[in-house]
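Input: one structure, supplied below.
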Amino acid sequence: MRVTVDKLAKAFGFLWALRDLNLDLAAGECVALLGPNGAGKTTLLKLLGGLITPTTGAIRFDNATFSRGVPELRARIGLLAPADHLYENLTAKENLHFFTQLYNRNSVAPTLDAALEQVGLLQRGGDYVANLSSGMKCRLSIAKWLLLQPELLLVDEPYGVLDGSGVDLLESFLKQQCARGGIIIMASHHVSRVLSLCNRAVILSHGRLTFDEAKQRPWPSFDKAFSEFLPHGGS
Amino acid sequence: MTEQLQPIHKRKGILGGLALAAVLFSLCWSLAVAPPDAYQGEVQRIMYLHLPSILIAYLSYFLVFVGSGLYLWKREKRDDILAHAAAELGVLFTALTIIEGSIWGRPTWGVWWTWDARLTLTAILLLIYVGYLMLRSLIEDENRAAVAAAVLGIIGFLDIPLIHMSVYWWRTLHQPPSILRPDKLPWENVHPSMLTALTISFVSFLLLYFYLLSLRYRMGEMRQEIIARRLERGA
Amino acid sequence: MTLLTQAFLLLWKDTLLELRRRDSLLTMFFFGILLLFVFNFAFDLAPDRIAEMAPGLLWLAFLFTGTLGLAQLFQAERENHNLDALLLSPLDGGALFLAKATFNLMLMVLVEIVVIPLFWILFNLRLWNLLPQVFLVTLLGTIGFCVLGTLMSALTLRARARELLLPLVLFPLMIPVILATIRCMEEVLRTGQFGDQIGWLRLLLGFDVIFLTAGVLIFDWVIES
């Protein structure tokens, strides 16, 4: 899959959240989306996920313009929101069953169990989501996307709720997705972790793209661009 | 300081002038030239306001429907402005119709209000489109409000024939139900000179309506321009 | 996955959630019964007049009870940003509409199945043989209510003063249904059959079909951001 973002802009009322955004993504890229609060990271992710519509500009997947009228495209995109997008009063397994059915994927019990086991939640499969901690909810979301296998996976600030093993789980999942030819875009404030995982970095500042490069070692241009908006120079 | 009127302002000015002249002419005709009604006397003259008012209101609601449909299809802001403007004017003319009907009712029937088919229908119309305006004002996000209002504009208009049918059947309980037949079509059994007065009145109202609509539409356009300029400045 | 299979999946999910929490059903249920009691104090329900007043009172009760259900209808989607999850997915808006409308219909029918006979008992109506016709009319009217109500519930989802706005936009549009069901029921309770009021049933059916179709076609636009 190729993702092309063409002069994308989004305004909310009198303010531009994103302006003049151009981006080109190819299969296997794992992109770190960085920037201070309010830079437009979440807005960009929501636009790519089709949750909001652009004010101007277009998003293209494999040269097909993305709009809500094309459900087939939506099936190939995922958004990993750490503790969200789960029904509190359904069990973990029922949630997985629901979403796999919705996306027309394999939803038989053994498949769901296998996914639960991979994220370490097999024992909690019959528990209501309301009774799971946020770390476990995040693992459940990972299980969900494991089953749904999106070609483009958007990730919004996952590190806040995960413990050590959860972080390892997430990162191995994301690496796996990239290796399979998927595209990952991850917004996060945990710069060092994200950079170790990703092979490309994009910085947004005040709604504009100020930096876009593939990872290098060493990376002086990144250090310079990044230090410009973070007073302490990253975590 | 002399201002150069642009062509469109000039046209609007002409329309406004025409409207004013037509309304004055129509008033003279309705009050002086047209004969008094054989049964109702002078009170009947309010029909020259009442009937055109409600017809204009229906025209307005049709424009809401058209604007709403176009907006949902093409998402051009101007269709939304048209729908909003037409809804406001529709409410105005509906309210006028009710007041005029009430003024006519008092000397004729002895009461300010009665639940006859026409008045009830008019009241329901008023409620529907007041609801439309409230919906618009209670949704924060402009674009969402526009879409929601457009859907309501279409649904409301689709409901109008059904409301007509049900209210007329309700008021003519033991007659076989028939489609859209009020007790009499407005222009049957009307004396020709009254018909002339009615036509003159209707034309004057039409001119007045389009003048007001153009003004209100321009207001909407200007508002959009302000938003666009503020966005430009914020870029 | 077809529209109907998607709708069924969503309906399964909502039914499961309702079975677990029983938020909506119990509240609607007791509210409906409570209204009957209030009517008893508010109106002079003398035995000779009760048959004429029954349709109106019942429908008032169902309207308010149904509105409660509509207000709760998208609750599961409002927590955890679940509506976003649905928007993200390849779900057809029409399927969501069908599922939610059917769900509210199920709740209302369950309430009606209890409240109508209860009304008969509480107010000593002896017309038990007319219950089938009464249920038929109620069903057609309830379908209309649920169909239009689901649309309005979704439209007002992100508005301020939502609980007030929903009845404000819904009730005027419901007038054909209100008139049709009440007139029909009156005739049935008076004469035992529909007679020349059968036209009302056709109106109801027309209403249901028109807005069901409109809802399925238009719902994608209703839920978008």
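Chains: A, B and C, in written order; residue numbering restarts at 1 for each.
Keep in mind that, in the parts below, a residue touches a chain if its C-beta (ideal position, glycine included) is under 8 Å from a C-beta of that chain, and two chains touch if they have at least 3 such contacts.
Because the structure is predicted, anything quoted here is derived from the model rather than measured.
When you take the mean of every protein CA atom shown, which chain's own CA mean is nearest to it?
Smallest offset from the overall C-alpha mean is found for C.
Consider the two chain pairs A-B and A-C; indicate the one with the greater count of contacting C-beta pairs.
By number of C-beta pairs in contact, A-C is the larger.
On a C-alpha centroid basis, what's the spacing between chain B and chain C, in Å?
32
Could you tell me the distance, in whole angstrom, between the mean C-alpha positions of chain A and chain C?
Centres of chain A and chain C (C-alpha means) sit 40 Å apart.
Centre to centre, by mean C-alpha position, how many angstrom separate chain A and chain B?
50
Could you check chain C for residues that touch two or more other chains and list them?
Expected reply: 224-225.
So which stretches of chain A touch two or more other chains?
Answer for chain A, listing residues that touch two or more other chains: 53.
Give the residues of chain B touching no fewer than two other chains, as numbers and ranges.
141
Mind pulling up the chain B residues that touch chain C in the complex?
72, 124, 127-128, 131-132, 134-135, 138-141, 144, 147-148, 150-152, 154-156, 158-159, 162-163, 165-167, 169-170, 173-174, 176-177
In the complex, go through chain B and note every residue touching chain A.
These residues of chain B touch chain A: 141-143, 227, 230-231, 234-235.
Okay, in this complex, where on chain C does chain B touch?
Counting only chain C, the residues touching chain B are 148, 151, 155-156, 158-161, 165, 168-169, 171-173, 175-176, 179-180, 183, 196, 199-200, 203, 206-207, 210-211, 214, 218, 221-222, 224-225.
Could you list, by residue number, the parts of chain A that touch chain B in their complex?
Against chain B, chain A makes touches at 11-16, 19, 53.
Report the residues of chain C in contact with chain A in the complex, numbered from low to high.
1, 6, 9, 13, 16-17, 20-21, 76, 79-82, 84-92, 220, 224-225
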